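Quick heads-up: structures coming right below.
Across the two complexes that follow, chain A remains constant while its partner is chain B and subsequently chain C.
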Partner chain A sequence: MTSADDDTLVLPVVPPAALEEAPAEPEWRPAAHDEDDFHPGPVGRVARRVCWVLLAWSVVLVPANLLSPLSLDQTTVTHLTEAVIFAIIGLSLNVLIGYAGQISLGHQAFVGIGAFTTAYLVTEQQLDFFFALLVAAVFGGLQAAILGAVSLRVTGLYFALVTLAYGAFAEQTVFGIESLTRGEAGMTLTRPSFFASEERYYLLCLGFLVLVVWLDWRLTRSTAGRALAALRENPRVASSYGINVKAYMMVAFVVAGVFAGLGGGLFAARQSVIVPTSFGFTLGLTFVLMTVVGGLRNRTGVIIGAAFFALLGSGELVHWLHLDGFFAETIGLPVQFVPLVVGPILLLLTITLHPGGIGQQVAPIQGWLAGRRLDRHAGKVREVEVSDVRA
Partner chain B sequence: MSVLEVDDVSIHFGGIKALQNISLRAGEWEIVGIIGPNGAGKTTLFNCITGFYTPSAGRVRYRGKDITRLPVHRRTALGLGRTFQNVGLVKNATVLDNLLTAQHLQVGYEPVTGILGSPATFAEEKRLRDRAHQILELLQLEYVARERVTDLPYGVLKRVELAAVLATDPDLLLLDEPGSGLGPEEAEGLGDTLLTLRKEFGLTIVMIDHHVPLVTRVSDYVYCLNFGEVLAEGRPDAVRSHPEVVLAYLGDDTESEVPV
Partner chain C sequence: MSTLGQELITAAVIGVLQGSIYAMVALGIVLVYRATGVFNFAQAEFGTTALFGAYTAHVVWGWGYAVSFGFGLVVGVVMGLLTEALVIHPLRKASRVTLLVGTAGVALTAIGLQFWKYNETLIMVMPRISDGFHQTKYGSPTDQQLITVAVLVAVTIALALFFRSPWGLAIQAAQQEPVAAELVGINVRSVSLLIWGIAALLGGLAGILAGPNTTFSAAFLSFGAGGALLPGFMAAVLAGMRSMSGAVAGGLVVGFVEQLGNLTLLVDVNGARAMMLFVFLLLVLLFKPSGLFVPRAVTA
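== the complex of A and B ==
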């Protein structure tokens, strides 16, 4: 029944009556955040303090053979130093994979460039070790920026392929330039006399790890980290927030490169001699495994994961567990290949069962140490984010 | 001078003409509504205005400045803020983090200083947090500040998204279906919110919505799009009763009775 003057038409809307009959949706309420009001009691405070002291003692003093009944031998201290350096490298890779969502399979080249730069400047040019480290960090940042420029054109699987090729290229050609790296003969690097002892060098590396952790922490808590989190998950939203997606992708690469360059410099001074084959693909693979198993975007997890893989690779862990005989004779597996056997298994477990990696496992303890209630579900990650693997 | 001018914008995807010679204008402090059936090209037009698409022909001007080829983030810096049809938020971050991220262009320190962690960055971070809380309070969202976006229901998310886009400090707000999923009463509330926001922030608003009563109530001017063309434009009541618009919505059936 459409009359001529019925032109004040109302477009179809659901009649209000139908809506009134629908049952009212229960009002949504946020989950309670009761940990806000939690303060540990006196016993809890003492217990936490004791744990903190023990932790600091076992990380700082025991490896340095200070106030420690263990008196570790020199080789063990060297291996622990390596664990600290791996932690720096792990945090570097975490910036790329975890924050920027770009998988790098050529991270051994990032590290190698830092290592050879330091070795060249100290050994060939007689420059100060710390100045050489600084240059190594800058070079690490520069080469990462070049690779980053590539990543703006190809992403995901193809980018992983590019980094793979880059790693092989660096190992075969750049690190093979004899005038710079002395090729197969290898390069030695003498540390500054004050840090000549393994114990002191361990403490130096630990100091650099603290520095990297600080920078990484501030990265995640400042505008650059938030921009990266946004662009990893949703570049469209990120750009509509005013974030220059390309520029911040480069920031991630440069930060990762600087960390890796620094780690490489420290790595070079730890080894007695570095050769191009020190930076082969298996090393790069180990880096990726330790970072993912450690738990992407989880600083504590990555550090523990990196240390675990370093100690596994150097045979230290196998030795502590008295499994040398088992691996060497029963299975016939040389100890340096243990990470490549254990790693993939842990990777599968991480991806399928505990996407948060080691970081997820230790989160309850971490929260407790930070003065919260022991919450078994703290740090739970539901699944590996799709945005982590942008293929 | 108009805040937003769209002049004869056309865009093709292969053989499909998604937009054909669309012209649109939004004056200072105006609320402009865009209605039209699904697939009419409303969101495509938004994508041309905000820079996700570059039109095949035509110009987009913001306060007289040609922005047709400017990247998205530069347009945000000029003062364009937009919401998305399917909620544009960083889903794994908390509501507060989203508002902090959205304030990206108001951050008063360089990214590098932030990474180094200079004392000034801590003070600035506190200022950003305070501002985020202010905006949340304004939209009565303080109670979800610490919730992860994925854990929130759709209706709340729409408001959070509005809060986030306000945090970018926009001048021209482009809202893609802000009223979707809302019941009539909530839509009423949204209308009030939009009118208040315009007054408080001095905003010009362009909004797409299917909720015709909402659009008619708040808009100063309405465009109706169909098949990538402007079907009708004018005062809300005039557009609503325009015979072509009625036809587009109800189909070619002259016998049909129009529900009121």
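== the complex of A and C ==
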């Protein structure tokens, strides 16, 4: 589907003369079968397998300190857990911005609702952690549905404004209800004893990320996903094809809300204490940054982008790359401000020069790992930029 | 008079004083939206940056107040022009949501730089133009706030006159029919720069005038102590994103609505002012999305 600049459908009008004197069609050639026919040779297959194993090892086992020579300390593992949770939140925002074409500047509120619901149920009501997570996901979906109902009337840029106001309202008013959130004193949450260790909690979050990725994949492959793609490009054309615009929009909102609620619940159990100001506007903007820089509608890109910003924010990345000295002394930028300065610049570079984001950059490697040739031009921008039509 | 009545009048007085800042931000937002169709999330940040400029000149370098004020405005305008040249112009073919993300990126970059450069200074205070205040039954407006209202009035009149001048007409032509305007010899590109310059000037005025009301830090005018970004946008929505006079009226109304959150009635509600703004925005967008203060001529 090409970009639809306006809503009018222009039917091609071909003058009859042109039809008669049409130049001979270029000879039909079989489509390049490279992709279908290419099978990696024995060396290639082994190389790919080794890479897969290394990847799995570094994502699953190293952070959990299993079969790993590194023995990471607890703080580092916590930061890695945060990266996984950010990835879940990034995928949630990707459903809204990427699939539904609705920009949300209040996603910190979606996440906060999940976090406070979980904390309240576990701490005040002594309920099971996983039950609380479930309720958090449901609540997340519910509030997203309410906001989605608003978005059916108020689209595009105006909706961005509503979410902006909603974020401030949630942070200051809803999370300020002290009987539920204990206000500035904050809430702590004890994890179930089996997941008390940071390593096991990391694996738990990773499991949830896999679940979310799977659900997201199913969503894009389903009728709903295709309908959403059509909607985003041109709602009028889509509805004239009989697509129920409102229903599918709500599906996108509810899915995004459920993911965000779940992410919020996991976020609450990772933080030692959550206070209303944990869910300020800057967090919401970080979510938008990481999703857009990661590459909209590109799961791998969003996950890498989210992890990148989470690790940048906790200072872990700068530390690993031994850039502490560079930032702190050479250019005089304290490490805690690195994400604040570097993040927005990356965002501006992404949207002006490289709209496909990280997802586009890793596409060749991704294709190679999936058993195709290493094609450095893989992942051309396929409508990766933020859609216009609902604006 | 009943307590509630007195509180309402107080809310109106303080609302107008505070709202004149919002109105100035809203004027900039409407101006840019009319010209380029961009929701400019960096508008309030032009103000904070200008305030940082004026503060640095006056407090750190010890320049005179008037010169520092002018310097701050220049800093704000330079930021506006850079935004146009580096982000808006390269993205002119991109979608409007991309542009929105772009302006948010500009705002965040500015905030990041402010945090970075002024990290060591814990409390920053910009001195007032005049320290006097007037004790009345309905709140006590400071000279600074009264000056702000006066500046708003002056700016509104100046803009109205400007848009009737040949330059102003050229701008309107370039906004409505860029191609036709180009054909009759209007340089659309410099019009765009001019618009962003004026918008940044308005933002700068709002920032430097609002700064002395309280202590300030990075992101002051966007969502810090002086948070005028959201109210400014609301005022612009009330103006249907088009009307200049509507933006001024909208700013004052939003200021009043926000002050309603300070009524004794709502003393038990945390964040009542944020709630008032959110509910108000929802009501306006759901029931009168075309705006409240829109002269008939510009709705078409």
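Heads up, the rule we're going with is that the second predicted complex is superposed on the first by the 338 of 391 C-alpha atoms of A that agree within 3 Å, B and C clash if a C-alpha of one lies under 4 Å from a C-alpha of the other, contacts with A are read in each partner's own complex, and residues count from 1 in each chain.
Throughout what follows, contacts are C-beta pairs under 8 Å (C-beta built on N, C-alpha and C of every residue); 3 or more make two chains touch, one makes a residue touch a chain.
This structure is a prediction, so every number in the text was calculated from the model and none was measured.
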>> Applying the document's definition of touch, where does A:V255 land relative to chain B and chain C: first, second, both, or neither?
In response: first
> Given the touch rule stated above, what does A:A132 touch, chain B (first), chain C (second), both, or neither?
Replying inline: neither
>> Which partner chains sit in contact with A:L215 here, chain B, chain C, both or neither? Use first/second/both/neither.
In response: first
> Is A:A268 touching the first partner chain B, the second partner chain C, both, or neither of them?
Replying inline: neither
> Now for A:I177: first (chain B), second (chain C), both, or neither, which partner does it touch?
Replying inline: second
>> After the superposition on A, what does A:A229 contact: first (chain B), second (chain C), both or neither?
In response: first
> With the two structures laid over each other on chain A, which partner does A:S240 touch: chain B (first), chain C (second), both, or neither?
Replying inline: first
> Residues on chain A in contact with chain B in one complex and with chain C in the other?
Replying inline: 385
> Which part of chain A faces chain B closely enough to touch in the complex?
Replying inline: 1-2, 6-16, 19, 28, 30-31, 33, 214-215, 217-219, 221-227, 229-230, 233-234, 236-245, 248, 251, 255, 385
> Where on chain A does chain C make contact in their complex?
Replying inline: 97, 101, 103, 105, 150, 153-154, 156-158, 160-162, 164-166, 168-169, 171-173, 176-178, 183, 280-281, 285, 288-289, 292, 333-334, 337, 340-345, 347-348, 351-352, 355, 385-388, 391
>> Quick check on the complex: what are the chain B residues that touch chain A?
In response: 50-52, 71-73, 76-77, 81-82, 84, 88-93, 97, 100-102, 104-105, 107, 109, 111, 114-117, 121, 125, 143-144, 146-147, 151-153, 156, 164-165, 168, 183-184, 211-213, 237, 240-241, 243, 245-246, 249-250, 254, 256-260
> Which residues, counting only chain C, touch chain A once they are in their complex?
Replying inline: 39, 86-87, 90-91, 94-98, 100-102, 104-106, 108-109, 111-113, 115-116, 119, 223, 230, 233-234, 237, 269-275, 277-278, 281-282, 285-286, 289
